[in-house]
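For reference, chains read A, B and C in written order, and residue numbers begin at 1 within each chain.
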Amino acid sequence: MKKSHIFMQHDAIVDLVDGMTHLLRHQLDDRGITEPAMIGIHTGGAWIARELHDRLGCSDPLGLLDISFYRDDFTRIGVNPQVRPSQIEFDVEGRDIILVDDVIQSGRTIRAAMNEIFDFGRPASILLATLIERGGRQLPIQPDVVGLRVPLQPHEHIRLRGPEQLTLEITQRG
Amino acid sequence: MARLEHNNIQLDSEGRLRHFLTIEGLGRDLLTRILDTAESFAALPGRPVKKVPALRGRVITNLFFETSTRTRTTFELAAKRLSADVLNFNVSTSATAKGETLLDTLRNIEAMHSEMFIVRHSQSGAAHFIARHAAPGVSVINAGDGRHAHPTQAMLDMFTIRRHKGDFAPLRVAIVGDILHSRVARSQILALNTLGVTEVRVIGPRTLIPTEARALGVHIFHDLDEGLRDVDVVIMLRLQKERMDGALLPSEEEYFRLYGLTNERLENAKPDAIVMHPGPINRGVEMDSEVADGPRSVILRQVSYGIAVRMAVMSLCIQTHAEVPA
Amino acid sequence: MNISIVNGRLIDPANGRDEPLDLHIHGQQIVAIGSPPEGFEPHETIDATGQIVCPGLVDIAASLRDPGSGAKGDIDSETRAAARGGITTIVCTPDTDPVVDTPAVIELIHRTARKLRRTRVLTAAALTRGLDGEQLANMAALQAAGAVALSNGARPLANTLVERRALEYATTFGMTVMLRPEDRHLRAGGCAHEGAVATRLGLPGIPAAAETVAVARDLALAEHTGARVHFHALSAAGSVRQLREACATRLNVSADVAAHQLHLTEMDIEGFDANCHVSPPLRTLADRDALRQAVADGTIAAICSDHQPHEVDAKEAPFPETAPGISGLETLLALTLRLVDEGVLPLSEALARVTCGPADLLGLPQGRFEVGGSADVCIFDPRAHWTLRRDEMYSEGRNTPFEGWEFGGPVTYTLFNGRLVYRRDIAPPD
């Protein structure tokens, strides 16, 4: 049995993104980074990254990652039906990267994404920003910037829908 | 009913690809998915690291009963770009390599934990035969069997066409040459019709067109100029030299005069028509160099797309027999 | 031993009988049809209530693989299969190893079969030595040794002059020549009917013309030589048409068809089913219908099994590399009865095609019930059904495309020369 409800509407999410922009500026200042490049993880992460990219005024085109072929459970799950090419049109080598995803849970997606980024080149640093941080980490990976921490039960699933009207939806399983 | 059952050998109980033996029996969605997945891999050659870890630790075997270094290499490269380990077996099809030996070979390699066989064989139906006898969890990809099918070659041609033309629906495609002996042509025709092109034409002398070609869903032309009129894509087939011996054709000269592609004859096609060839080209037999190296030719691009398409097929096939999640 | 078969429906097409009649057997012979002879005391009575009693089947073309390596079967295994199929007379083909081109091989075959006493095995001897198509076989000697016909097996003569001489020479001794009409050059390494299915599957095709060209040639030579020619295993509508015309001009020609050709078509090779790899190949629905029509009107007077048993490995290969043929003894009656179910021809006519029809073609006395004739009887149950299972077959060759088919009329008893050689649900007698 599945039960879903809207957890957050578009405007509230945009407020979270504004907050993330603010926090990111701080982090970049602290680290002395002036020219960050941004990469969003397909698909929800890419929507958030697009917003952040505009707000931060990054000069390089936004990079997009589809991590399907880097997942550690690839041979169990297989090819995502909506798989699309990863597009990074700037040179990753020596750059400071802001990696953006919608939700961080186990940390496996981020690991796969970092693996893929390294196949494009060796960045100087990677900074992780996620809209939602929830429990359930299985790897020692923590975001540097978070829009909102949401305490959720293991049987609850949070999902970003978009791209025009962003909504966060929580689904109960069981 | 019977046909459905037989071709379903390619699909698992949930309709996902398990083997890739022929285009026949696969729907438009599945073919489109192969092309979409291939798009993900098409950009890989531009990266510093040209591979993905998807099939790390998996063993893929090239089982070639018919030598073809070119095809074997593209499959090998595709497997390696998916981080799989590759075994290469070239089995001679001399008198000893009858059915028994073929199955023995298969069992031996399965014992090496190979999970995928890329099979090429001189007899039609060989890939089906091996797929029928493969252990559960083993996928078979047909890399060409007799005159029957060469589905990955056809899919890379579809990929090439989509890259250059976008939508399949409005297209008229002409396939020129030895349709009778061509597994590539059979797979191309099936793929083009499944993807919904407007018209598929075959052009050649009667000796090189199967008697029942119409059953394949094509229009038949014996005159090149007429057949090329208003087409968007021209696919030239390779003419094997040995066809000259079997009283199928009088001479290469006459063949080129009637069916060889020149810039002048290409005028019949649409102005933006592209020219394809599965390679290697017999220059001066199927087409002259002006066309092969000209602006309409996409022949070299076909080669690089071939790896992306084969990666797509491999990654789609191998998924379905992974361990069941706990 | 006296046996009475009582309460059955007796069908004897040769004599136009189809009525409730009892059959009484003494020793190897039929002694009465209807009421028993005076003082007849049966030792055994078979109650055939609800069943059909017909003459034991006559199969004029079956390969028994004996002499041979034994891997594909031998006379022992294959006559067991024949008994299960209600067949009491087999004309075996000369394509053995060694070939049936000497009296010694004929004697060997006959001796083995006589010892087994399970079915009558007659031989069609080789037309040319070693079936090489070049040198005539010693036909007179072969005839003296008991050959009932001459045949070049599945290896049609390529040389028309040799064929002419062979026909002339055979005619000298009044022997029937069974020809498999096929033009070797047009066959050209094909393995399936050159039609829509083979085109799609990329299988090298055998055009119908490979057969019709040969039929035309053979008919011309039959006319020229006056030979008694029998065409074995027709597959094409064009052949039937020519045969019909030839019969109309009173040429002494005849033909048989393999039972599977009346049911399967090129569609059945879909998925590269090697069990449907046969020679001549399965052709189109139109061809099948023409063959059915010819069987129905008697133009084709015999249905044969064209039995070709193979070991498992012979079919375990890519389609073109597999050995052609079907293990057909156990499905000959079943496939013939199926024609009745499908309205192709009446039961009595259908039984004629597998009893007196083939017997008459070769001038054999079998395939009919005659007082004083040998007691060869097939009893089957038209009310019952059975399903063919490969692992239940008696033949050494399990190569059949009919696995899992449900058939009517299982054979319940087979008697050969007055001896019970098969009884359903009881293990085969030794």
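The definition used in the following text is that a residue touches a chain if its C-beta (ideal position, glycine included) is under 8 Å from a C-beta of that chain, and two chains touch if they have at least 3 such contacts.
Because the structure is a prediction, the values reported are computed rather than measured.
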Pairwise touch network: line, ring, star, complete, or other: line
Chain occupying the middle, per Cα centroid: B
Contact-richer chain pair [B-C vs A-B]: B-C
Separation of mean Cα positions, chain C and chain A [Å, integer]: 75
Where chain B and chain C are represented by their mean Cα positions, the distance between them in whole Å: 44
Between chain B and chain A, distance of the C-alpha-averaged centres to the nearest whole Å: 39
Residues of chain B defined as touching chain A within the complex: 16, 33, 36-37, 39-43, 47-49, 51-55, 58, 82, 312, 315-316, 318-320, 322-323, 325
Touch list for chain C against partner chain B, complex: 194-196, 198-205, 207, 267-268, 270-273, 313-322
Residues of chain A defined as touching chain B within the complex: 66, 68-71, 74-79, 81, 83-87, 115-116, 118-121
Partner chain C, residues of chain B touching it in the complex: 2-3, 5-7, 9, 24, 98-100, 102-103, 121, 123-126, 128-129, 133, 145-149, 183, 186, 210-213, 215-216
